[in-house]
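Note that the chains are named A, B, C, D, E, F and G in the order they appear, and that numbering of residues resets to 1 at the start of each chain.
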């Protein structure tokens, strides 16, 4: 089921990449998408699609992400280019609220791309995310930022 | 006029992209340990090459090319954190712990 | 420009030869990888070097504009790259298996095909 | 590499890369790409899948033995060269046909068949190598 | 798209291809196709074997038909994809190519049949027969192609296939031998490729007929002498000439006997083929200048090979040195460059393909019967089976170049050619090599065959998979020894084709073709 | 009358037919099959006998068939007095030997095989003497070596037999190779490849600057085959063969092949000072050596063998002596020797066969038990001793007639001849009388008379020795004179008869007899004396062992040096060759680059990328541990890709990126499993050497590339591809069109390489050493099967 | 008057220059290490900068086809880093020596 669900965006990507929006090309792209998804079908077999998908919140999430990404690149630039780098790095444990694999992954990746934080690992029981932070002087603040930021938005977008 | 807009946008993107790539490189050079260097690579690096791709996409003036450039950008965003995570995890697991200036390491207490 | 390329090619060859002269099969493999690149650059230079214009016929044109790079050496190199990649892959796995079976990557300590204590053949009749 | 993050992302990446490999294969004749690079990308896709889910998963995904795929590709390429025997033309002569599918003229040629063979050979062989190397790990 | 109507005749051969010309490519195409098919049928080892044997038989037939065609109608060219030469790849076959291809098919078929019982189940499952077919594709392609880069490609096909065959079994000695073999051979093919690069830089073309035509005009402007030296070194390595023969004694004795037999028959000969083709046909002026160097190398190779045969205890390694000694003889022929010298080299190559394949099969049987490959341990083979001993003795004598076996004629030609140009020392080296080999082979027969075994060896049945190829090859060795006329004529016409490639060039560029 | 050509061919083939049939006939009839087998040589003998009148009339028969026309080679025969005599001896004695062998090897499990070898030998020997073309002659010459190898080693379970066989093969085969060179030189000098034609070219051959070299080569062949000093040692050892072989090969036929060759070439190469010095010297030395050594022996066969050596020496001496009568003497002695020596060997064989020993000191008084054998022996011994009325007497008279002269040379030769003949006289009776006279002693087997198969042969030969002497006129007309004419190259008429001419020769004969009797009288003491004198002399026979063992040791050392079993040495040698092959012609043929122009318009990014490439190389080179080197490998690969990118090769860059990355991936996958020691340094001199060598190679390639790109470039191919790839081949990417269309065949080969790589790697990983254990759990092929 | 093409061209040259510097710096990190993961990270970074480099060349030459090369490089570069990470994981402890290798999966 989720294979079919995923093949549509792939077919759209095909159309975009090949640069021909003819129906033939779309059908062809769809067929190819199904084929390539068929190869990895096993990985989706035990996975149900998210219960709720909220396009609006996805857009909001994307917007937040782009903003954070730009900001983080800039912050890195500032840090790196400053003559004396003031760093208090460290790895901290972040207790996860999200449970779904997809959500965990999304969260972890978003954290990596945002300022000052980098996902290192998820615990075996999937309850803790280990995050490396450039500024670990106040771990609580970092945890709060993540929980109130991306984690909440993700739960809104993919309930 | 459109030409100039496009050209200036491209030029800016090029310079910004190159700048961020350089920043990432400098970060890799200057930052004290693997984990801090990863910050530079995964953020500035991704943004840098993303912007350069975008510049190429815009400059071509073809929608398909732009689409491809965006697809490429998206792809980096999809993969960069994963590879950073895998490398960091592997390094940590094999005893490459953060440098001494680090203030804490919750993973080590597991 | 060919002169510069020739120097570069020479340096590639030197590096490759130096590595291949090593006793250790892994370094030899690295040398062989570099050797492949050296040869590719050599063929590339052999077809003479031009800048940046790829041998791709632009939409609307029927023939390649002048000033485009020479496509033939590129085609030859493509074949050579693929072949040298294949060989490198095989050699790497061979090195690994040699290490596994013979317990070393030091080729001077590999005496299975050519045993060290070679005795004289019988001298009688 | 039994991490949640990688395992979740890997199938997406694999599917995307496979799609991209077909794209590269098909346009090789006019722009950089072609069977060899397409095959390499496809094999890379499978390698990522394999690192995430293990060798057996890739074998199931491929259905056929990778070397059988490579053999099929080689056969295909050879046949693409040999069909010209029926037209009294030498080996490897490019033959083009333009069938109309649903109103669209689709250029097909023995050359494309040849390139498809290249794609399959590279895919099969490289996948076989990667799988063989991975497999030893569980020995 | 309003493209201008292209002028096809300016780009392509527009006349239909005569069916006979397909013979130039069919052996190669068939080998590849069957190799590919066998790759797909890897899990059916029995069926595989039979397809491979039948395929090789067909290839043998095709090669024979090709030889006949070439002998009757002169060299032929098939331009791949119809593209006008020198733009497309041309397969150009003259008597030399066709002869070598045919001899290769004989060796491959023999080794293939022997492999039916020699190669183990796992060896088959992991690709003996597909590797055999692809090795043959490489060998045949190398012999038949008329394009020098394409020659390189076929070299690589046969090289990688030989790697596969060499390690089949994964024994320690095999892996050690394969490592040395692979590294040194890779250096050799790389040198070949470098030579092609330099050749391309100078000539701008890759078609051998084209190169042959242009070579005279380029001396003086292009570094042809260095180029010729590079080619010489590359092919000398491939052919295992002294002092770059290391890989052969390091590896030939390690794989299954069927594989050793195949290698002994084919691999070094491809090097010799290329040496003759490139140095004699393409760069004759440079070859002439290099003839002293090649002579010295040839003479040393003969002697070192013969000494190696004397020094070795392992029968298979001993035979490896016999191969090397033979290579020296062929090099001498190439160095002389006269009609007798070249035809001697060609004849020797053909003889060596058949003989060395047979001798390795003999070694295999000897090892199977006597339980060892060491002449220190082997004994009693004569008492055990007279026929096998007779065949062995004849083949050993043939290796020494004694009459009435096939090795005699090339030796006569080469000694005569050497004496004709006053190179008495070359003649001396050839004769001395033959003398030392006689001692070595005589000792083998004494120790392994005549010497009584400590305990009488139990009778061992020789299956048809061993006796059929052995008998056939021995008949060839005797046949060409007693009735050499046909083969001598062919060798001579091959030599003439090399020395004067006008017919070769003409098939590629018949008059009126746009250049 | 049947076609003579065909019949002669058949006669030459009869031995071969016999060889093929022998095992079957012996299996069917046992030893009695010898009667049937003897028909083959007998028919050939009769055929040659029928040609005798023609030849006696001075005719020469040359005929044959085309064989190897491309070399101007015919399967052709050349029958004159010389070759016909030999042919008759070979087939005639051959017939008798076959019968003898039938009795001698009765019940031997390999008797059939033995007959095959004997027949093969007979065919080869017949071929030697009738061949007209050089190569055919040589082929048969070597065949006699090979068959004698088989025959000497017939009793292969004894080491001595194996050693003797190898010795014969090595000595005669090696000499044969030199002979081949000699024959090819003759061919080259005269342009003719037939002996019959060569006879016309005597002056050219003798006048050639290569005459002396040719002579030495020919003599090498002849002397080894005919056991001349110092190659004489193999012949006595050849007595390891069964007695029929000794009688046939090593007295009557094969050992005379060398003499035959000298006689055959006498008209062409003879009558020069070299010829007339070398032959008598070696012949004389051989005669003396053989005679002395014969005294020393106790074994009947060995005694005879050494006298054979002497006789061969005498023959060579005569052939080279150059006087008028010498040729005639040689001819007569050759025939006589074949008859008496064959007979005596067979007698020795009979004694051995019937008593179980050949030791002369353990044999006495056999005359009662073996009267017939005694008679035969005495008849043969008379001939050997040169006593009338046997043929040997005629020969000896002629010898002395030939040698006698006033000069020092003749006196020396005569002295040696007398000395040798006297010793042979003594030995003849030592063999023929000693065992039979006196009181019988215990022998391993109780003696009794031999069966007919055994005595028939020697009886016929001994009788022949008498008959030909009695009817010497007929024989001279039919055989001696034609043969002597052939040897001399001019017509000769032999006339000597049993009626002695009083003169110096007769006196010498008497002297010989007296001396011979004296030696016979003191036989045991002479033996002791010779043994004492030669006690510490290292003969060439011992030397043979040293030579072979030394050769093997030497070869072993050489191979240890040239094949040092170390890959790094192999590689270093290879690259030394590379450096040499680059620099020598570059300098000697002035192929260095014409000039050096630094590119003026080098751009920043281009320089930068090249710099990165160099950094990448440096990174790999300086990496202290292999792991770092592996990881650094990617840098230069990427840099090369970027270079391709900047210089208009996107396809290359694309492929290079992919391949480089995948290579690194495979490296990583592989290295995951290796536990490498952390460092692997290169030290000191080795490091300097490696650096110098690698720099030299790099510089060489750079210079070569500069030079080859100096010249203007032929763009014909490139122009063609650029013009046609879109219009005709329907592709805009010219590189790809070349790959899949213009040069698609390359790509076909290339993907074959890729496919094979997959297979080879799979085999490499899956198959495990000797046990061939495969993965039990996760081998997917287990399911497929 | 500066043409649009000149603007882009200048910017592209500048970008190429900067990228070259970035590449060199990254190369330095590959060489200097000190640890294996450091080198791998630098290699990954090298791929990233190469992607940017390709994009700039695409702009300079006007051949958009280069973008696909960049994309493909991104895809395969990811594979390389994953493989290396795996290598680190199974290969061993700090210092790359000793038997301390936890064989995972």
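Heads up, the rule we're going with is that contacts are C-beta pairs under 8 Å (C-beta built on N, C-alpha and C of every residue); 3 or more make two chains touch, one makes a residue touch a chain.
Composition by chain, UniProt nomenclature: A = Na+/H+ antiporter subunit E; B = Monovalent cation/H(+) antiporter subunit G; C = Na+/H+ antiporter subunit C; D = Na+/H+ antiporter subunit B; E = Na+/H+ antiporter subunit D; F = Monovalent cation/H+ antiporter subunit A; G = Cation:proton antiporter.
Since the structure is predicted, the reported quantities are computational estimates derived from the model, not experimental observations.
K.L.:
What chain is the most remote from subunit A (Na+/H+ antiporter subunit E), judged by the mean position of CA atoms in each chain?
P.N.:
F
K.L.:
Decide which interface, D-E or E-F, involves more C-beta pairs in contact, and give its chain pair.
P.N.:
Between E-F and D-E, the larger count of C-beta pairs in contact belongs to E-F.
K.L.:
Determine the chain that sits nearest the middle of the structure, using the mean of its CA atoms as its centre.
P.N.:
When every chain is reduced to its C-alpha mean, the one closest to the whole-protein mean is E.
K.L.:
Could you state the distance in Å from the CA-based centre of subunit B to that of subunit D (Na+/H+ antiporter subunit B)?
P.N.:
Here subunit B and subunit D (Na+/H+ antiporter subunit B) have centroids separated by 30 Å.
K.L.:
Compute the distance, rounded to whole Å, between the mean C-alpha positions of subunit B and subunit E (Na+/H+ antiporter subunit D).
P.N.:
Going by mean C-alpha positions, subunit B sits 55 Å from subunit E (Na+/H+ antiporter subunit D).
K.L.:
How far is the middle of subunit A (Na+/H+ antiporter subunit E) from the middle of subunit B, if each middle is the mean of its Cα atoms, in Å?
P.N.:
Computed value for the inter-centroid distance: 15 Å.
K.L.:
Which subunit G (Cation:proton antiporter) residues touch at least two other chains?
P.N.:
Subunit G (Cation:proton antiporter), residues with two or more chain partners: 16, 19, 21, 23, 28, 36, 40, 53, 57, 63, 65-66, 68-69, 71-72, 75-76, 78-79, 82-86, 89-91.
K.L.:
By the touch rule stated above, which residues of subunit A (Na+/H+ antiporter subunit E) touch at least two different other chains?
P.N.:
Only 13, 17-18, 108-109, 119, 121 qualify.
K.L.:
Mark out which residues of subunit C (Na+/H+ antiporter subunit C) touch at least two other chains, giving numbers and ranges.
P.N.:
20, 25, 28, 42, 45-47, 52-54, 56, 62, 72, 76, 78-79, 82-83, 86-87, 89-90, 93-95, 97, 101, 107, 110-111, 114, 118, 120-121, 125
K.L.:
Mind listing each pair of touching chains for me?
P.N.:
According to the stated criterion, the contacting chain pairs are A-B, A-D, B-D, B-G, C-D, C-E, C-F, C-G, D-E, D-F, D-G, E-F, F-G.
K.L.:
Where on subunit E (Na+/H+ antiporter subunit D) is subunit D (Na+/H+ antiporter subunit B) touching in the complex?
P.N.:
That would be residues 13, 16-17, 21-22, 25, 29, 32-33, 35-40, 42-43, 78-82, 89, 91, 130 of subunit E (Na+/H+ antiporter subunit D).
K.L.:
In their shared complex, at which residues does subunit E (Na+/H+ antiporter subunit D) touch subunit C (Na+/H+ antiporter subunit C)?
P.N.:
3-4, 149, 153, 156, 159-160, 163, 167, 170, 172-180, 182-183, 186-187, 190, 193-194, 196-198, 200-201, 249-251, 253-254, 310-313, 375-376, 443, 446-447, 451
K.L.:
Please output the residues of subunit F touching subunit E (Na+/H+ antiporter subunit D) within their complex, sorted ascending.
P.N.:
67-71, 113, 135, 138-139, 142-143, 146, 149, 153, 156-157, 159, 162, 165-166, 169-170, 173-174, 177-178, 180-181, 184-185, 187-188, 213, 548, 551-552, 554-556, 558-559, 562-563, 565, 567, 570-571, 573-574, 577-578, 581-582, 584-586, 588-589, 591, 701, 704-705, 707-709, 711, 713-718, 720-721, 723-724, 726-728, 741-746, 748-750, 752-753, 755-757, 759-760, 762-764, 766-770, 772, 774, 781, 784-785
K.L.:
What does subunit B use to touch subunit G (Cation:proton antiporter) in their complex?
P.N.:
Touching subunit G (Cation:proton antiporter) from subunit B are residues 3-4, 6-8, 10-12, 14-15, 17-19, 21-22, 24-26, 28-29, 34, 37-38, 41, 45-46, 48-49, 52-53, 55-57, 59-60, 62, 65, 68-69, 71-72, 75-76, 79-80, 82-83, 86-87, 89-91, 93-96.
K.L.:
Flag every residue of subunit A (Na+/H+ antiporter subunit E) that touches subunit B in the complex, lowest number first.
P.N.:
13, 16-20, 69-70, 72-73, 76-77, 79-81, 85, 87-93, 108-113, 115-116, 118-121, 123, 130, 132, 134, 136-137, 139
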